[in-house]
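Heads up, there are several structures right after this.
You will see two complexes here that share chain A, one where it goes with chain B and one where it goes with chain C.
After this line comes the complex of A and B, so read on.
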């Protein structure tokens, strides 16, 4: 058991939730990215979280990998668009903004919860470092 | 005298409480991890068992069991409210044990002081 385990564990939680925030902001920023109809649309990114060494002494969480949504997208009629095909269609990613905002909220709250643990652990460790001073 | 039952018991309590705060941090870090079951630490039963038998308690991190509370749809059963309550309570009890150990040490220092 390392001395300041709690800080490392909350740090891993912060990292995973920040990666999730990054993925969501990437998805939202590309929500209107148009592509040609014969290409894949922007693919929604998901972060897959896994517990580190579940059930053993070690704790924390890690972002195991990223998964991508479908590149199928949705077709929009916009003949003036420079990327439009001969039928006047362009492709936009099929990302649900409501779903992304929900995920944003979950990632933000998870990040805040981990940050609160960091603060609490720091207080406890600081008190322990004062032991025997008086 | 210096490593007597009082300071050993407080040391055991501090070790157990540190483990509980570690497990709580693990639970909160995994608050959004699918399939994660919250961990629950128990060191009190071993500690109080040893103390009621008049033995010097052993310093151990206690046992971690997985919570059997119902999970939500992604198989996770971490409840942020109860984890926060546990974290607060564990922090306060940690401070309490530290203060008691501090008191014990100051008594020892008084005894060691030459007149």
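After this line comes the complex of A and C, so read on.
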């Protein structure tokens, strides 16, 4: 219902932050995924958010696309690894866990902030409906 | 001297239509229903239709949550929130209209 636009707008924010959380969890879950040296390492995932213009559209945000980091990775000496090459090297994704944890915090806080907006908007709408009630 | 009852003239069917147009400006329904025939009843019926839509959207998300097809938890929470808000709004508008009607009916003739 168009009256309760705020809920939909916050919903789009929630969706984007949920996708961001997905991307971060994907990155962290693959942080120790070893590959052969002649293959690409796991590529870090990024979510690109785009604003939906409030003037022409309904407002809010959308996850425009996913971007991928470099597959270059870093070489690690591990000769016992089954994927190691003849020099005993394997490739690990070059993802910084500290950076991922920071992004995790931001995504979580953003999600919570959008939920807070939903809650406040609901309270505000309810207060408006109480207007003049005896 | 102006008639003391001058202010009462638009009350009645016109007054109910006035309530209807107030409801329309707050965005409950389309505006065209208020101008034409039907008046408040049409407005109320249209907002009931919208309410039905909101509630069925929430219902289908509830089904998805139960069957495990739900992709986003917040989708369902927002839809159910919206449905309850919309219900509250329609009921409030209905109550106000009935209240106004009763007020008129209580008027000593």
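FYI, the second predicted complex is superposed on the first by the 124 of 134 C-alpha atoms of A that agree within 3 Å, B and C clash if a C-alpha of one lies under 4 Å from a C-alpha of the other, contacts with A are read in each partner's own complex, and residues count from 1 in each chain.
We take it that a residue touches a chain if its C-beta (ideal position, glycine included) is under 8 Å from a C-beta of that chain, and two chains touch if they have at least 3 such contacts.
Remember, it's a predicted structure, so these values are computed and weren't measured experimentally.
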item: More chain A residues in contact [chain B versus chain C]; value: B
item: Touched partner set for A:126, first chain B, second chain C, both or neither; value: second
item: Which superposed partner A:49 touches (first chain B, second chain C, both, neither); value: first
item: Touched partner set for A:38, first chain B, second chain C, both or neither; value: neither
item: Partner chain(s) touched by A:18 [first = chain B, second = chain C, both, neither]; value: second
item: Contacts of A:80 with chain B and chain C, given as first, second, both or neither; value: neither
item: First, second, both or neither for A:10, with chain B first and chain C second; value: both
item: Overlapping contact positions on chain A, where the chain C interface meets the chain B interface; value: 1, 10, 132
item: Residues of chain A touching chain C in the complex; value: 1-4, 7-8, 10-11, 14-15, 18, 115, 118, 122, 125-126, 129, 132-133
item: Complex contacts: residues of chain B adjacent to chain A; value: 14, 18-19, 21-26, 28-34, 36, 39, 61, 64, 66, 80, 83-84, 87-88, 91, 94-95, 98, 101-102, 105-106
item: Footprint of chain B on chain A - complex, ascending; value: 1, 5-6, 9-10, 12-13, 16-17, 20, 49-51, 54-55, 59-61, 106-107, 109-110, 113-114, 116-117, 120-121, 123-124, 127-128, 130-132, 134
item: Chain A partner contacts - residues on chain C that touch it in the complex; value: 26-28, 50, 54, 72, 74-75, 77-78, 81-82, 85-86, 88-89, 92, 96
